[in-house]
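Take a look at the structures listed below.
Same chain, two partners: chain A is paired with chain B first, then with chain C.
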Partner chain A sequence: MLKVLDSAVPVACWSCSVAHNDATLFCPHCSKIQPPPGGDYFSVFGIVPRLDIDLGELEHEFHKLSRKLHPDRFARAKENEKQWSLADTALLNDAYRTLKDPIHRTAYLLKLNGAEIGEEHSGKDRKDPSRVPADLLEEVFDLNMQLEEMRMARKMGEADLELQTSLEKAKRKFDGLLDDVDQDLRAQWQAWDAGDTAKRAAAQKTMVSLLDRRRYLSNLVRDVTETLGA
Partner chain B sequence: MAYSDKVIDHYNNPRNVGQLDKASTEVGTGLVGAPECGDVMRLQIRVNPETQVIEEAKFKTFGCGSAIASSSLATEWIKGRTVEDALAIKNTDIVKELSLPPVKIHCSVLAEDAIRAAIGDWKKKNGVAEPATATAAAAH
Partner chain C sequence: MAEGRVVGIDLGTTNSLVAYMQGDAPVVIPGVDGLSLVPSVVALDPVPADGGRPSVTVGNSARKALVETPERVIYSVKRLMGRSIDEVQSELDLFPFRLADDIEAGEVPRIQLGELRFTPPEISAYILRQLKRNAERFFGEPVTQAVITVPAYFNDAQRQATKDAGRMAGLEVLRLVNEPTAAALAYGLDRTNVGTIAVYDLGGGTFDISILKLRDGIFEVQSTNGDTHLGGDDIDNLLTAVALDEIHSEHGVDLRAHPSAVQGLRKAAIDAKISLSTEASARFDIELPNGDRYQREIPRDVFEQLIKPVLDRTAGPCKQALTDAGLTPEQIDEVVLVGGSTRIPAVRQLVDDLFHLAARGKKPHNELNPDEVVALGAAVQADILAGASKTTEEMLLLDVTPLSLGIEALGGTVARIIQRNSTIPASATEHFTTGVDGQTNVAIHVVQGERELAADCRSLARFDLKGIPPMSAGLPRIEVKFLIDADGILQVSAREQRSGLAAQIEVKATYGLTDEQVESMILDSFDHAEEDFAKRQLIESRNEADTILSAVERAPESPAWKHLRGEEQAAIEAARDRLAAVKQGDDLAALRDATLGLDQATRRFAELMMDAAVTTAIRGKTMDNASDELGEEVTAPHPMARAEFK
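Moving on to the complex of A and B:
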């Protein structure tokens, strides 16, 4: 459902035929429900695509639209309106889940703006191999060694308390590093939102590498949590 | 997606897993990681100071089957080669040998990076200047 920003094109309402912009869930003229719109997640809520959004406003709009789309309200509507109420609700939920989370929202908006994030761009376009800093790599490697030891010990039915303590300590540390990354991301929001082309490009580049680092750390924290919880 | 037989073979019987003495001047260590998937790869070489031949190569990789197979194959290929010869190994050679699908190409890139990092570390330790051609190739 990724689309280019400002993709809203006018379409005619199926019921009253008055043209409206295709991002809306309800016709502004006759208030009838519309099929799932083709715009981006921000336009579902009628908000400007930004990284620093008003979460209160987002939640308020979400509840308002959820009530308006509730399938119970379409019990006696036409068959296609019933189906649209379900499809629009699904879209609304996806949009809300993505936008309310600061990390998901950042990744989503940067992708809308043409950034390549995640596995799909690995392999090609690797002009800066090993973007993980060397000091972090050492720690990641050591942590993986400990995790392997821990799993082996578990398999043999031994509980290594020392190892467990050390892993718990590592998990706290990496959780802290994740928080740092999140703060660094937030610090870039303003520069991106301001809209100056050069500054936006610089902020976007910084955030793409922060998101890479974040994925690395969160995979690691997930592995540690799984091993500790096993 | 199915792994090729060669990947499965390397995954089940990885060659040259282990560790060399990091402190030795004859040993070069390369540690690389892919932020996309969380893989981390350590590749080490022991170089004969007289002949510049890589006499021993060891690796330890945490990652998917393709990452393990790529690094296992890399150690097999560089053993017995001179340092300069080993630098000629390209990730595309690994892709071909293991029939890696496009989504796993980054595993082979990581293995190539690891070879270069290990050789770079050995050169730094031994005061060998990086020839201009090798640096240009490393930038690919």
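Moving on to the complex of A and C:
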């Protein structure tokens, strides 16, 4: 009898009928590919949910799993195996894409733990004045004015060098603020990963607001870049 | 049951090729004429005397018909694949073919060819069938599975149309592979490379740039970008348009009203373009219908200035691909050039500038023939999929989706659910609900593209989630799973979570054929049958024998005949008589043997004819003989069809 993890639901392998836990991509008994497992993105890579992860190892594991799961390996397999290879590989790719990016990884893990996180590129946030971080209110107001002026000037075909320089300076400043947020986020990773319940809750709260701030800043930077590059 | 071979096909805008893995190296399979490139030109033969359906020719012979019967010929059909009527309409301004006049909005466009009408996938299917037959002739066994390449920047509809074409041609398309990635596979085969490479692929009608990371046999695409309407065609059209304008203003002749004259001029423009890759200057010398001559010297610098706007359009996608991959030009270790248009020196200069190559003491890679490299890579991918080879067992291609996938949200904005450059297969799950009490349907509009408004993106499909149990508004929770498969094609499934019912989905692709339509367009319904295959092989071999026999019949009229020794002439006549006798029987092997015998006997004669043809050609082209030569250049058939049996 196979040892089944407590957290996972035992299911029977479609091919050999031996029970295994539902977090596995291949049957440990007959090695056949299994339908997409039910666990989270971390479990796809066989790691416990945490924020500070070794990207080199993650990539290595991604390549190893890709070699086994990819539809190219099942081009002439039975229809059900083909379908599962497709679904499993999609899951693997989605998981890798999310986990390799520090911001996406943080947002994903916090969501898993019940945090409410806005969408990265949702257009509404930018226009909603209530979302402006309080310490940036004045600067953002000025910046929006300048952006509007710049767009008008562009439309008229005028080049306003002074405005351009000022916007470039603002972009550098907001880029710097973004870097600060990223560093602050990283600083919270250890606290979360350590696993102490009270500290973890505090870290989660801090990271949620940092992510909000980050999203606002990155939309702003994107606006400036687009306006400058137009 | 033993699995058949999987071939790799490059279905190009200008030329198409089929290749396979011979041992541990990919090779291109030649056609009956001994040449590897099959021009992507399809011609409708004249209506037969009995009034039946006219037959269809593909390749060099179809190209000859371009000047004689331009209204029965279509080329560059790849530019029309998976496109709407509106898009095709503007495209067609540049080409001699026309849409059928009974087309309704929302339909897949059909092209009027003589008295018949064809959708772009059907035209492509004829090209694919020709390649399939070339491969079958080469192997002496049926070929039913293939890998087909598509431009990396092809959208969902264009990919689906290509897959449909494969099915119509009797091919199971095991995978669509992106052209630049295929090229990387062909280059990566003989090296154990670790590094980052950029593939710059400027073909006949499309431009792609892909950036890949190579590591331990894994080819991981980091980003891709491009333009599905940018290529050598645009340069040809530009040169042709300039010449047409000059002829009009200087000689008062408007050639635009004469399709075959335009085609003759276009042919001269292509020749000029090709020679300008090696010569400092090219020359138009064309006799006009009114007896005037249009003579024009085109120095290379004038040509380069003229085409600069076209070439510059490749710079934006390259920069975007670098940004998306998070790389600087200096971080690109190698650049690979693909596509015939990369032979143009100005293109190489542009690539050099974009990736700072010369400054770093590097040169772009062009060791493999840029016309063949994509097909060779397709053959490598075919070998990977067949899964039985030591050479490729460690290789794996991880490609990305070129365009973001989104759904139309309130106010016509796009909610992006899968970002561009995501490794495929990729998926996204979205939840929908109802807005009205008792509502049982929810409509969803899926788009592809990077713009903020759905109207500016490419509409992929609209679908209806049906059979939602009637509940208060906002209560149903319908989970819709969007999955982009390894071919880059979208699949959708849905489930109502509260009732656990699988919601029915009716996907109406915005552009494309239904399954039933594709089914009805399958070219040879019995193509798979073994018996049928044997029959066809016999018929094809007889046709081939006829072709070579009739050429030999006319041989004594050729000046080259006199240069043969008496015993050479006698040997040809003996081989001819033997083939004529064997042709009556049903013995395929004997027929092939006799064909080969006659081919060998005439080889020296063929060479003599070629020499004579080369010395009389080249200079002093007039409109008339420029058109005669159509098809007699690089890709022209051997004057005596050469037989190559394995």
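Criterion: the second predicted complex is superposed on the first by the 207 of 230 C-alpha atoms of A that agree within 3 Å, B and C clash if a C-alpha of one lies under 4 Å from a C-alpha of the other, contacts with A are read in each partner's own complex, and residues count from 1 in each chain.
The definition used in the following text is that a residue touches a chain if its C-beta (ideal position, glycine included) is under 8 Å from a C-beta of that chain, and two chains touch if they have at least 3 such contacts.
Treat the numbers as computed from the prediction; the structure is a model and nothing was measured.
Contacts of A:94 after superposition: chain C is touched, whereas chain B is not reached.
A simple residue count on chain A separates chain B from chain C, and the partner touching more is B.
Contacts of A:65 after superposition: neither chain B nor chain C is touched.
When the shared chain is aligned, no partner comes close enough to touch A:27: not chain B, not chain C. Once chain A of one complex is fitted onto chain A of the other, the partner contacts of A:75 are limited to chain C, with no touch recorded for chain B.
Of the two partner chains, neither chain B nor chain C is touched by A:170. In the superposition on chain A, A:216 contacts chain B only, with no contact to chain C. Shared contact residues on chain A (touching chain B in one structure, chain C in the other): 119, 121-123. Across the interface of their complex, chain B is touched by residues 118-119, 121-124, 126-127, 129-132, 134, 136-138, 140-141, 144-145, 148, 212-213, 215-216, 219-220, 223 of chain A. Of all residues in chain A, those touching chain C in their complex are 63, 66-67, 70-73, 75-76, 86-87, 89-91, 93-94, 96-97, 119, 121-123.
Across the complex, chain A is touched by residues 31-38, 40, 42, 60, 62, 102-103, 105-106, 109-110, 113, 117, 139 of chain B.
By the touch rule above, chain C contacts chain A in their complex via residues 3, 174-175, 215-216, 218, 220, 381, 384-387, 396-398, 413, 415-416, 422-428, 452, 483-486.
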